[in-house]
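Dropping the structures in below, format is structure tokens.
Below are two complexes that have subunit A in common, paired first with subunit B and then with subunit C.
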Partner chain A sequence: MASNEKYQLGELVRIRVGVPPTHFRTPEYIQGKQGKIATLWGAFPNPESLAYGGDGLPAQPLYQVEFPQTDLWQDYKGPASDMLLIDIYENWLEKI
Partner chain B sequence: MANHGHENGHSHGENAEYYSKRAQAMQALLIEKGVCTLDDILTMADKIDSRSPEDGAKILAHAWVDPEYKKRLLANAEAAFLELGYDLPETSPKITVLENTNDIHNMAVCTLCSCFPRAIIGRPPAWYKELSYRSKVVVDPRGVLQEFGTVLDEAVQVRVIDSSADYRYLILPNRPAGTENMTEEELAKLITQESMIGVGLALSPESVSAG
Partner chain C sequence: MPKVHDRGGWPNDDPIDHSEHKMEEWERQVDALNGVLGDKGLKNTDQLRRAIESLDLATYESLAYYEKWTAAMEVLLVEQGIMTSDEIDAKMAALEQGS
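After this line comes the complex of A and B, so read on.
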């Protein structure tokens, strides 16, 4: 699906904080954290609309976002080079 | 770990009887409301059940022996699957392949539920769906690796990939040393389901010949 991404490869972003009572695909452990855009996956129908029989439009660009594990967990048991990657839709990303 | 917006914080691996009844009720409703037919559901279930870790192992072993194929597989997994006769059902989420090397070790999880490259390697193992794996692997991936019997050097970068959206991840394990003279069929036997999820390495040739 054609997409017009708001964020670029390598850009730092923050994951939006929010726990709507409805379906969403952004786990709470990653909310509020800062990460780097690692991959642009293109746009996909918005699962928050699809979950209720909606058309998923407007489609949401999907990004793979990369976080150093030591930024996520204070007592991370591993070297600083270890990473966590997660796919996040654009409506959950914020500019820094 | 916090639940993901479901009121009951359920884990899909628990309370099987309840979920089985619920699935049956949903199936009956879908058919009654004309969303799909029983035949559609059975056809899709058969399609998923027709795939197994052996299919993934076959594809990935081919990537081990054919560097050009490996490049194509990493660049566009779905086209490369098709080359070997593996088509994805229209409803399948996208699949991409991540390569493990001497320096990088990828591990896949879905912390929200049980997203898995089913269209290529079938249903996930039970532990993959359990809250204990889903919550621990993001926090302590090296601890999880250890539980599965693998200790990685600190020089190896561990990359946990949480497949929470439209992509599913299949891991191409690092080809073990001492396998230079093995055939593609022999190599495929080294590629376990665990190694394709990234919670372990491919088997060593010794372990296979001994067993």
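After this line comes the complex of A and C, so read on.
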């Protein structure tokens, strides 16, 4: 699906903070954290609309965002080079 | 506190139980029913996820994987007026009595 992404490959972004009572795909443990855009997946029908029987339009650009695991977990015991890669929709990203 | 399904690092960081079990017949039936409801436009994956996430913590913790699907399908069918909880409960009672 055609898309006009707001963010570019390699750009640093912050994950929005918020726990709406509705369906969303952004886990709390990355909210407020800074990550880097690793992949542009294109745009997909918005699951926040599909989850309630909506048509999911307009489609939301989806990104793979990369975070150092050491930024996410206190006392992380793995190597400092360990990364989390997670797919996040554009409406959950903020410019830094 | 994260929502009930948002499990990253919660409630603790104990190792994950990776043990498997043999697929049971009722689990295949639930999977098939899920497919049928999808084909008929009565649910999509996002709706099923949303319905699973709406379960309260105690229910969520007590149900197995396909039991969560079953509970979620009931939520979606009742919500759309396809069936009522009373009808489902009556059928369950009848089945338990062997009819």
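Of note:
To be clear about the criterion, the second predicted complex is superposed on the first by the 96 of 96 C-alpha atoms of A that agree within 3 Å, B and C clash if a C-alpha of one lies under 4 Å from a C-alpha of the other, contacts with A are read in each partner's own complex, and residues count from 1 in each chain.
Note that contacts are C-beta pairs under 8 Å (C-beta built on N, C-alpha and C of every residue); 3 or more make two chains touch, one makes a residue touch a chain.
Everything numeric in this text was worked out from a predicted model, so none of it was measured.
Contacts of A:E28 after superposition: both subunit B and subunit C are touched.
After overlaying the two complexes on the shared chain, residue contacts for A:W41 are found with subunit B alone; subunit C is out of touch.
In the superposed model, A:W73 makes contact with both subunit B and subunit C. With both structures placed on the common chain, the touch criterion links A:D82 to subunit B but leaves subunit C unconnected. Contacts of A:L50 after superposition on the shared chain: subunit C is touched, whereas subunit B is not.
Of the two partner chains placed by the overlay, neither subunit B nor subunit C lies in contact with A:K95. Taking subunit A as the reference, the larger set of touched residues comes from B, when subunit B and subunit C are compared.
Applying the stated contact rule after C-alpha superposition, one finds that A:V19 touches each of subunit B and subunit C. By the touch criterion stated above, A:L62 is placed in contact with subunit B alone, subunit C being left untouched. Residues 19, 22-23, 27-29, 47, 73 of subunit A are contacted both by subunit B in one complex and by subunit C in the other.
Residue ranges of subunit C in contact with subunit A, taken from their complex: 2-3, 6, 8-10, 13, 44, 46-47, 49-50, 53. Against subunit C, the residues of subunit A that register as touching in their complex are 19, 22-23, 27-29, 47, 50-53, 73.
Partner subunit B is touched in their complex by these residues of subunit A: 19-30, 41, 44, 47, 62, 64, 69, 72-73, 76-79, 81-89. Residues of subunit B touching subunit A in their complex: 1-2, 4-5, 94, 111-112, 138-143, 154-155, 157-167.
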